[in-house]
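In what comes next, subunit A is part of two complexes: it sits with subunit B in the first one and with subunit C in the second one.
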Partner chain A sequence: MGEARINGKPVSLAAAAERAAEILSQARMPVIAGLGTDAAGARASILLAEKLRGAYDHMHSTRIFADLDVMRQAGLMVTTPNEARLRADVFLFIGKDLTKDWPAMMERLSPAKIPPFDLVHEPRKLLWIAPGRGGAKGEGLVETLDSSDLHATLASLRARAAGRAVNCAKGTLRKLDEFAGVLKNARFGVAVWGGDGLDSLSIEMLHGLIRDLNKTTRFSGLPLGAGANASGVVQTSGWMTGFPVRTSFGRGFPEHDTWRFDATRMIESGEADTALWISAYGPEAPPWRKNIPLVALASPQTVFAWEPQVCVEIGCPGIDHDGAEFARETGSIVGSLASHRSQAPSVADVVSQISKHLGETPKC
Partner chain B sequence: MKPLVFTLKQEPDQRLDLAPLVPHLLDGQSAKEIAEIELQTTRERATVGDTFKIRPGSAESIRFEGGSTRLDNIGKDMKAGEIVVEGDCGKSFGRSLSGGNLVLTGECGPFAGSAMSGGRLEIAGDAGDFLGAPLEGEMEGMTGGLMIVRGNAGERVGDRLRRGTIVIEGSAGDYPGSRMIAGTLIVLGECGTLPGYLMRRGTIVLANPPELAPTFVDCGLHELAFAKVFSGLLRPESRAAARLLSRPLARFAGDMAALGKGEIFFPA
Partner chain C sequence: MLIHLKGGHIVDPVNGRDETGDLWIENDRIVAAPPGKLADEVHDVSGKTVMAGAIDIHSHIAGGNVNCARLLLPEKHQNWLPNPVALPFSTAKWSTFETGTIYASMGFTTVIEPAIVPHQALQAHLELSDIPIIDKGMLTVLGNDDFLLSLLRDGEGPAAVADYVASAVAASNGLGVKCINAGGATAFKYNARTFSLDDVVPFYDLTSRQIVEALQRAVEDLKIPHPLHLHANNLGIPGNVATALATIEAARGERLHFAHLQFYSYGAEGGHGFSSAAAELAAAVNAAPNVTIDVGQVMFRQTVTVSADVLRQFNGSEMASPKKSVIHDGDGDGGGIVPYFYRENDFANAVQWACGLELFMLIDDPWRIFFTTDHPNGAPFTTYPEIFALIMSRDARAEATARLPQEAVAMTTLPSIAREYNLNEIAIMTRAAPAKLLGLKDRGHLGEGGLADIAVYSPGKDLAKMFRFAHLVFKDGDLVVRDGRGTHYRWGNALKVNPGYDKAIDRRLAGYYDHHFGNSRDLFTVKEHLLPRADAFREVACAR
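Coming up: the complex of A and B.
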């Protein structure tokens, strides 16, 4: 049974929801942060933000916008892991955190197996840029290229693949040309990236490479994205407001701004004066360093820097209760049944209860 | 003609959108009408009258006495006239500016001069990240006009610059001139890592270049006639920029990863 507390003292869920509604409705500018929840939880939270005329943000926004900013300013060509496993004759892995990000990645992509839908039955060619320690171990023959600066390495590789001059040492140049040759000769190549090592500029460079390669062959991308259902929450936000996260209802209509509605920035600058923190997938604590009134819907065992005014322990989607969330395996939102059904409430349950105390119409 | 003066009463407790306070929107409005204009971005109402003491004058020339980093969109869509801000301002100062003169004596937040297409924008203090850059989902940054920053600027100044000139007299953060399409960016102070990343065309002039990306290739030393002409044009706005342009300059072409028709110059 999930437990609810007001100022650290155990209370009933109903009492906690009522107190939470009171705290949130008194705020000048409330912000819903974290947002690690399934589609139903995100939907309830965005409806609550509209009622409160507050803003909402996700805990992994930096990673979300590294990909999304490229998508909306330059375009991205992406595929699904299944398509990649079945057809790709070349994999280009980038970054050292890929298997940490997605432990089942190697199982899903099976890079060491011959792609069944490729007409030429040959083992895949595997390339890995900046694999770090252990990144490229035990999965067939991997050609690696170490990089101290992914920006510069990806730029040089793209330039060599386009047949243009670059200014680097002979050994590096030979290696770059070898990589560029494999990429250009791919029948269907897939670049796989993820982790904190890439920002929107390096992803735009990588995508430029993919676009260049598509002039003569087929090549696509597979971004691993961020955890805590980041992609699912972004899609939910998209179909509800037309915008991704970092959106505010302050003026009564949704307004998106990646700088102004960064939850941590809003709180530390004093613009947001109350926060609702949501983390159903793990005991993540709020990242800000300022003690403001806080309502938390968090996993049990979350360690907070300051005890929240109201804290409700919630269940994990797909474990304690059924959920619908973005699955990397298929690249879409899928439903999952509870594996260890429990009494712990879901984010959607608790947020709806809070919302009931706020009346029907948005408060102006 | 007397200017229209807005004196800030106190630091606002929410971010305010000052987009309505530009000459072409205030022209012909009485002080009373102006005082009623709403600026809030949260559910708490905040009008011009709540926020500023207004001294009536010609809307062709607007002065803000006292600023705050919470005042966004000052000079947005300005077409003509003048706005002078004595103090700091927030995000998107001079956003989509197309004409007139916009001056800030203090510091500003990110996206100053974002997508400006004409006019003159001067920042006496420091500017934030993404100077002149496009906002979320937009394809082009600054497309014309002149921007001068006397202090330092943050990361990715001149991102997706399309046309126009940016002069930074102080230092610039990382990736200056990222994704430039055309136009000119001049940095007189220090410069952060990887200038001109993903640039297609355009010109970057750096007084103190960092190590360039391997995708910029040496094209030798030049004494360009055009740089001298441009130097003469810039002299009234920035003597130091004019001096830099009149020196012999080393030219590197790039970003070879993108189109490779851009150039970075620095004194040899």
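Coming up: the complex of A and C.
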């Protein structure tokens, strides 16, 4: 457990940390990528990025910014899994990956149960747009609407809910109107979305639909977000720097830009010349296709395209050690206690050790 | 370490000092002049003003809603200044690090985040942990949570309510209890669009008034030093002074802290249907010695409103500037983040600005009025120095008032007010009284044995400058600010209470969480070892 290697050869953790510090300090522009870690790991990594004047990014940024860009453009209306579970009289599921993304979703939201906080005691109405294969099976009566273009479908649905005309086949129109009717008659409806199929344009359209529905009734959203504590890392980055991930300290203060500080782009373009890859939740390997000096804090059994110069096997928050992380189950940062406590070091431990070799700094 | 502050103007209302004199610090405490001992460090502070460190009782500096506001508005806090090496992140605008550094540089040494729901408490404490230099604390928000409303609906009585409140405060490590538009967030989930003191929360058959009374009583029964901190109904609505007056009345002579009163001081007179009723409201506060208030002063600039009053924020989101907002139907209370620009030439904004100043000027007792902007709702806390100037100088007010639409000024009594706060009153309002209100016996004064939280200012004609750049600031006896600039970080505590209660309620809550939410209540408990530093907390005794 918790092995460390330099160029593939086993070494002590201390030696690995020292060598990692050396490699990172020699970089012209280091980037911390992956960032699959708990709040303490994210915090330590962002402190390190500041010290190195590097940039940092998360492995799931594409999904993070699908939602976050909509929020920053137009806003959002959202609720929690608890409220959805206890109150929603209508669920509008969108996308084919929901249960793949969050296997416990149906158990958690229990759509087949009557919502105890609803004033009317009756089964929920369940709608699913673009369920794909299997998504909508076995959970009460689900009305489905197939879609090959989610943005177009959501635009049409929004138009019909607002009583505007749309140009489409009769059968589709009937279905759209049926859906629109259910949404407008919801008492507290919840739209659940996630997965790779939804881009910012579609989410913004959905947000528009939710805002429209709230003119007369209550409706909110439940974005499933991304894994590897993406939301927790974004929150930590938010309070530490004011910005989410894809932020750089190159000029001595945090600057945020989703294009400029995309880790993979920086590496492949040559702007970043050294990487620290962090993945504590699973054996994810760096996605870039360029062999640059690499320090990896990774789950055991990670398969790398190139052996990292330094690799430290780290524990998983909530399994090997306690950690604060964003839980999809609650929609908030919670304490996750170790289920199988082990000696494997945490990301925060290792990053702090690396950081100690980079000279005296103010205690943070 | 023995430090001698020599020959300053000591302003310490608790000990009746308003005179030239000395102050001695040994380690983290203020001590009597030690006969025959030489100080390790002497600061000649002749001509300077020496006060205890200031305490802000209501400033939204942490938690999910505040952080959401940061993420919502990246374009409003672009950076340009590298930080000093000793103060990492301190120039990162709106970061926790900047928050602590700026507060300290203004002479503030304790700041309370007033609105954290139990399910967001861990994140809030993680954020508070990253606010350097100052001590912090947070109030636990209750009053829209199903467990409480169900207890009340089922008539379970004050003991059960007190046990639950105590358990929620303990699990979230709060310093007190806040209630935000009691029942309003829940009513909004049932599609209510307005909600007042005697409106009934659907599903629970309870009025807002009943919820407030129950929480007020629980706080008293638990001997929590800080009285119930209330964000009342109908915030920001023309004519809402009626609600404010009724709410003061509803306190029935019991202790109540009425938050950001400015936002409730509106009449509906005049051509715009919007006027100041601050004078009438101030009179009601003066006549109710059980009530304390903080102002929630508005200042003219871009800001963002961050509030768990989700009903109000939803209604206000039409006015968002820039045009985007986040509305969050949370567990119990939720939140709304709505950016807003207060404009000097806007009739309503001008009336709001004047209302706040009228409250400052017309509420007589500086022990019962607290200095806030409801940061960032009325204005960012960085405007405090300008507000000190406005309340200490009639001329400064006249000058600022002259720039406003005069039809707005005519709807207020501001031009007729001559009062000017003196330093002693400032020290009461921002030091002595907040310490008393929160039960913090170790601060807010300069007496022997007190914490050496000390702010030294350079008085001058420019009052705003005096309060923006403290000459020296000591936190726990450590010199952390020189000439308005932080010198280094130290890490303060989060202050909390730990009221005693019958632990049977915890077992009941565990069952409730398992059954209702389908997850463990323990997930939400703030455990000290999950925070970045040991000794994160300092307990404040529950006794009155």
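Keep in mind that, in the parts below, the second predicted complex is superposed on the first by the 360 of 364 C-alpha atoms of A that agree within 3 Å, B and C clash if a C-alpha of one lies under 4 Å from a C-alpha of the other, contacts with A are read in each partner's own complex, and residues count from 1 in each chain.
Criterion: a residue touches a chain if its C-beta (ideal position, glycine included) is under 8 Å from a C-beta of that chain, and two chains touch if they have at least 3 such contacts.
It should be emphasised that the depicted structure is a prediction, and the values quoted were computed from it without experimental measurement.
Among subunit B and subunit C, the chain that touches a larger number of residues in subunit A is C. Contacts of A:V166 after superposition: subunit B is touched, whereas subunit C is not reached.
When the two complexes are overlaid on their common chain A, residue A:H256 makes contact with subunit B and with subunit C alike. Legend: residue contacts after superposition of the two complexes on their common chain; A:E271 is shown touching subunit B, with no touch to subunit C.
Contact with subunit B, but none with subunit C, is seen for A:A152 once the two complexes are overlaid on the shared chain. Looking at the shared chain after the overlay, A:S25 reaches neither subunit B nor subunit C. By the touch criterion defined above, A:T80 lies against subunit C but remains apart from subunit B after alignment on the C-alpha atoms of chain A. Shared-chain residue A:T144: touches no atom of subunit B or subunit C.
In the superposition on chain A, contact is made by A:S332 with subunit C only, not with subunit B.
By the touch criterion defined above, A:R72 lies against subunit B and subunit C together after alignment on the C-alpha atoms of chain A.
Contacts of subunit A with subunit B, set against its contacts with subunit C after fitting on chain A, overlap at residues 72-73, 251-252, 255-256, 363-364. Taken in their complex, subunit A has these residues touching subunit B: 28-29, 53, 69, 72-73, 151-152, 154-156, 158-159, 162, 164-168, 201, 204-205, 208-209, 248, 250-252, 255-260, 270-271, 363-364.
By the touch criterion given at the top, residues 62, 64, 67, 70-74, 77-83, 85-89, 91-97, 119-120, 122-123, 126-127, 130, 132, 146, 188-191, 202-203, 314, 317, 320, 324-331, 334, 488-489, 491, 516-519, 522-527, 529-530, 532 of subunit C touch subunit A in their complex. Looking at the complex, you find that subunit B touches subunit A at residues 13-15, 40-44, 70, 72, 91, 109-111, 134, 136-139, 156, 160, 175, 178-179, 194, 197-198, 212-218, 255-258, 260. Interface of subunit A with subunit C (complex): residues 39-40, 43, 47, 50-51, 68, 71-80, 82-83, 85-87, 107-108, 110, 116-117, 119, 187-188, 214, 217-218, 220, 234-236, 238-244, 251-256, 322-324, 327, 329-330, 332-337, 361-364.
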